[in-house]
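Should a chain be cited, it is by its letter among A, B, C and D, assigned in written order, with residues numbered from 1 in that chain.
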Amino acid sequence: MSRIGVFICHCGENISRTVDVERVAQEIGRLPGVSFSTDYKYMCSDPGQNLLKNAIKEQKLTHVVVAACSPRMHEKTFRKAVEAAGLNPFLCEMANIREHCSWVHENREEATVKAIDIVGMMVERVKKNRVLPTITVPVTKRSLVIGGGIAGIQAALDIADCGHEVILVEREPSIGGHMAQLSETFPTLDCSQCIMTPKMVDVANHPKIKLYTYSEIERVEGYIGNFQVTIKKKARSVDEDKCTGCGVCITKCPQKKIPNKFDCNIGLRSAIYVPFPQAVPNTPVIDRDNCTKFKTGKCGVCQKVCGPGAVDFEQQDTLIVEAVGAIVVATGFDLYTIDEKPKGSPIKGYGEFGHGKIPDVIDGMTFERLASASGPTGGKILRPSDGKEPKQIVFIQCIGSRAREKGISYCSKVCCMYTAKHTMLYHHKVHDGQAYVFFMDARTPGKSYDEFWRRSIEEEEAVYIRGMVSRLYQKGDKVVVMGSDIAVGVQVEIEADMVVLATAIQPQKGADSLAQKLGISYDKYNFYSEAHAKLRPVECATAGIYLAGACQGPKDIPETVSQASAAAAKVMTLFSKDQLEREPIVARVREFGCVGCFACKKVCAYGAVEEKEIRDRQGNLVKTVAFVNPGVCAGCGTCQATCPSKCVELDGYTDEQVIAMIEAL
Amino acid sequence: MHPEKQKHTFEPKIIAFVCTWCTYAGADLAGTSRMQYPSNVRVLKFPCTGRIDPVFILKAFQQGADGVLVSGCHPGDCHYIAGNFHARRRFAVFRKLLEFVGVDLNRLQFSWVSAAEGGKWVEVVTDLTEKVRSMGPMTEFKELALEEQWSGTIDTPELQEAYNAI
Amino acid sequence: MQKYISQHNLDTLLDTLIKRGIRVVAPRMNAGIPLYEPLGSSGEVVSDTLPRRSAKEAFFPVCEDIMSYKKEGQKVTITDIDPGRFPETVLFGVRPCDAAAIPVLDAVFSWDYKDEFFLERRKKTTIIGLACTAADDACFCTAVGLSPSASKGSDLFLTALEGGGYACDTCSEKGEALIANNQALFDGPSTSNPIPFAEPQTDTFDLTKVKAWLNDHFEDPLWDGIATRCVGCGACAFVCPACHCFDIVDEGTEKAGKRRKNWDACGFWKFTHHASGHNPRDLQPKRYRNRIMHKFKYYDDKFGQTLCTGCGRCVRICPVGIDIAAIVEEINKK
Amino acid sequence: MTSLIDTTIYSAITEAIRVEAARILSEGEVTAVVGYAAARRKGSAQPIVINTAADAGQLIFTPSCVNNLAVYLTKAKKEISKTGKIGIVVKGCDLKALVGLMGESQLKREDMYLIGVPCIGVLASTVQPATGLTAETIAPKCTECDAHLPQGCDFVPAQTPVVTKLEHKYAAEIARLEALTPAERWAYWKEQFTKCIKCYACRQVCPFCFCEQCLCDRNKPQMVDTTPRPAGNAAWHIVRAMHLAGRCAGCAECERVCPMDIPLNLLNRKMAMELKELYDYEAGFDVLDKGPLTMFTDKDDQSFIK
């Protein structure tokens, strides 16, 4: 027989003002199974909790119901108190008589009757509560970081510095990501490469970091603490162990006219190449699509000139399986392009802005490469069409961003700041030039950000025109930009030498297919979804997977680095114990009755249901039943509602508990 | 301050099955915002609408509910990715079944109420309570519960009393 | 002594009884099927067809309350059902195969434990049997020693006569009393011939021989052969006039509820499922064997009677065509 | 009176089934064949399991071969020993059940040898087995049959079923019930459910009621009252209809075997109609990974949700 203790909280007067708490305590005290029922001013206070703890001991209580505020507020508090008094925390339930009763009803009689019902219902429920032992899952203390941009690098370094192995996977031949492409960074205008490359080298030299560049995630299996990740290492055609990075192959390669993606295709590279001089690893890769050897079978110069004999035309893609306990996803962003989009695409292009047709209309990243000292122009601002220095330059903000009619409604967050930076860089390099900026608003929250923006206007003489560009066309060697200045209310026409578009930030291509492999959710733009927008911004809903950087949404560098370190901290929290403890609200299969129709497996969004073979002592297969992996199960209970014979049951929300509550009413 | 509350002869019993992440939180918000609504509703919390078995609805009616509300996260907002999508199909079909056996679907309400929609919670609960109040008590299942096969019937005073109570 | 009652007087008799507050149970149509049910008036009687369920439910209901409980605070109140409240009943139009089953049930319900629910209803019920004039090829009463004109179990027994009306035989004191209370409706014996009785087309079983074979063949390939077909429902037992197994369940909530007794069937897997999880009759052939054994051996061992009256209901309704008459016939031939 | 429906091809089909069954048994392709055999009562048939070619002569196909033999292959009926591949005689309607069972991991196609029957129709449960097949005596499901010739079997006799167009009995009855008020429908079903004696014949013959332990046989908690009282009966039939929604392919065995003649298949047909309308789903044609109630789309109807 249960000995239930019921504690009715006054919540100061929040509850007792409308609910007759003494009467509730009296009536509930008469219910079968209730052996102690009382009311108290503040149950959540120390004396309140002590009252609870003492009653558990003195009255030998077996179950507890605390009737107070919403369980969303204090369930953890009271379960902890109950545990401290020696009871299993899951033998404690809360009855919500504040948010759901005293605060929403004025009539004292009605509210009191309702409170009695609510508490009575929880009393019947708690009778059916079972002791739930905390679930422990072993943790493999290695982590996978996907993406070698600043986010991935920061996360990898933080985790590795704590002494845990990190597998860092990068799709491109070198780590560095977009940050390596930038010239200077706002709001301090320090050289991006100067601050980035030491970190890249740290990664390369870190004994705890295992780097896979030119590699992609093929498959992810398992669950928090126990993932098996299959990595496809694409054939580099150069043996990383033998290569010394001398670069002779690159110098000798006869095919040198290939647009370099790293330089936004305005610079050129050879067929065997490193994307940029400071690449990590400094091991070249052969671009097989453009290599004469691979196209015609003739050439092979690089192989001949390679001293260590590292060039290997026969190299194949290889699959590597790594066991990890946590995954940080840091796949970053890509830039929106304004060209025509395929029919049916939810995102539209800006055909009217001539990007791709007018050579002197470029995007912000291309401008970064032009301004970069290590870029194709050696840091001189020279326009792509004829290599002349532009004397009038127009920057247009919000290209794609905040344009619902183009399919993207969000703000890309960094464009205001980098456009301001561009005007400064321009002014520093072309002293007699004039920069114009068309903008909707300037969004500059952030430490020293607004000051930076104002500097671009007040000190660097950029002319900001509030308004949108209506038309843009080529006239001789000029690009005519027509727009309106809504602040003054006049039409503006500028004959520019070059136009820079601040195009929107989008998730990396293939973000959705990676999400499917990982089993994480993503929004309609393919940005990955965090578990909670405010309180769990770093975790995915899928346990053991964390987000860092712009793959989750547009971010600037400081934010990205913060989130990367936060993700690393989350991983470290996970790795701080050998066994992972989690709330035992998970589904369990009653194997005795399960017939293996796997309806549960079909509805499980987490892939937590597995097939398990039951064999007799002779090893003969008796039947195949469902098995719920407690490490993966998120505890939604959809499986139970679907199972026809109710042979899978969600602990904490069993049919017995639910029916007991319904019958109590 | 407040207008005099109207006295009703019939107070319906409304049972609400809600998910913890959206609707329960929405109801909490209605509370913290001190919104007012009829006290007839009794809330049962589930992790997700995906957990709500049609049998619970049936059982609620059998146990004397005059109206039943099932409420969870808006499509796309499910804390468990897709529980509410499964629930949506399940209940689309189940309500058709109940309708076919003669249950008036005005007594069974489904809604999406997010954690931010305290106002919508109040509206949904108030509307359902008033609708069911105007329909009168749900007698079908209660009467059925008192019926016996002829051979097992005996007229006992308590049976008579129960009949009169409907 | 035989009497005569005209159709008109018979209707008057039934209507009079109903008016006096006596429950008259007779075959009538309900939602498309004939069932023994309380009549509103004599006009509802259907006499040309065998009801889908047997007459046993007049004494042994499909489901009945035997107790109710109520919890208030720590106090539990238990209320017993008072069998004294069962109504006076006349069970009319009972087929010989149904009527004959009632004395069979008497034996088991008044054996070591006196089942007051059964016996009180039995005491308060007068049974008017009716000779059978039509049979189909599922009927086999003659095979188990009964006949379409057997009055076993009846208090009064009616035989339809050519030209209308019925010959009425008195078989018990209850029957005598019924006539005595309604003297005016009965006449002296009629000279008309009875409408020819039904003639079931089966050979008579040698029940002693069948029992002797069953004594020695608890294990036999026959069971597997026949009973693999059985799907394990309870239809045969529930429509049977003589099957009498029941289950007792508590239904209700923490606050109040009833203890109920309802029909059970040995064909169910759950019937012999132990709390331990073990099930001695784990496979369907074992369960079907029990049905035959109980009817033709165990019951006979204990009460000297066969637990089958050949009504053929189970033969007609078996979802998979299991034919008890064919099985016993096969045993009989061994 | 309506004229007899021509079922003369059934004798040729019987012969073809016997020859095929004998062949697959003697060649060792299967270890047993589940089919129909004549029974004692005139014109009646019953399920039979044969293990040798010599017994193939017992197999028949007549208008009395009403059973859906798929039930003998499901896990709940362990008595048919799974010694190897099993041959089974199936009508089009029965085959739909097998298709569903394959989708629910209960059967594997390679474990079965399917002998399909070109079927014109079988008898209703309400008539004596020796009755001739007419528009009145035909099983209601046969009036709506869309699978007279089963597809995808290993063997189908060459006979072509010539089908008489009949009034769709279920559609007509469902339309009649839908036109009633909720109170009238409630009264109708109450009368029907009250008759129920909980013999569970409907469950036991159902190929899809393959649960080892029925929800209604469990008592912790008692989700559905087990007693054969009107309340428990109604709950049982409502729960069962819900559990079959999206799975039932309409063999109507539940309705056929009901000793109390409760029109159970009306519930299942109604559910099937709703699933067709809501999700364009029809059971029994393809082996699917997911049924309509174990999947969803983000465009599903939610007009009923506030």
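Here is the rule we go by: contacts are C-beta pairs under 8 Å (C-beta built on N, C-alpha and C of every residue); 3 or more make two chains touch, one makes a residue touch a chain.
These figures come from a predicted structure and were not determined experimentally.
Across the two candidate interfaces, A-B and A-C, the one carrying more C-beta contacts is A-B. Separating the centre of chain A from that of chain B, both taken as means of CA atoms, is a distance of 38 Å.
Once the centre of each chain is set as its mean CA position, chain A and chain C turn out to be 72 Å apart. Centre-to-centre spacing of chain C and chain D amounts to 31 Å, using the average Cα coordinate of each chain. Note on chain placement: the centre of chain A and the centre of chain D lie 50 Å apart, centres being C-alpha means. Touching of two or more other chains is recorded for residues 194, 215, 222-223, 228-229, 293-295 of chain D. Multi-chain contact residues, meaning those touching two or more other chains, occur in chain A at positions 592, 603, 642, 655, 658-660, 663.
In chain C, 62-63, 253 are the positions where the chain touches two or more neighbouring chains simultaneously.
Taken as a contact graph, the chains are fully connected, with every chain touching every other chain. Those residues of chain B that touch chain A in the shared complex are 2, 5, 13, 15, 20, 24-25, 27-32, 34-37, 39, 42-48, 50-54, 56, 59-60, 63-65, 79-83, 86-87, 90, 122. On the side of chain C, the complex with chain D involves touching residues 30-33, 35, 52-53, 62-63, 136-138, 227-235, 237-239, 247, 249, 251, 260, 262-263, 265, 268, 270, 283-285, 315, 317, 319-323, 325-326, 329. In the complex of the two chains, the chain A residues touching chain C come out as 30-32, 124, 127, 592, 660, 663-664.
Note for the complex: chain D touches chain B at residues 177-178, 182-190, 194, 215, 223-224, 228-231, 234-235, 238-239, 241-242, 245-246, 267, 270-271, 274-275, 278-279, 292-298, 300-302, 304-306. By the touch criterion given at the top, residues 592-599, 602-603, 623-624, 642, 644-647, 655-656, 658-660 of chain A touch chain D in their complex.
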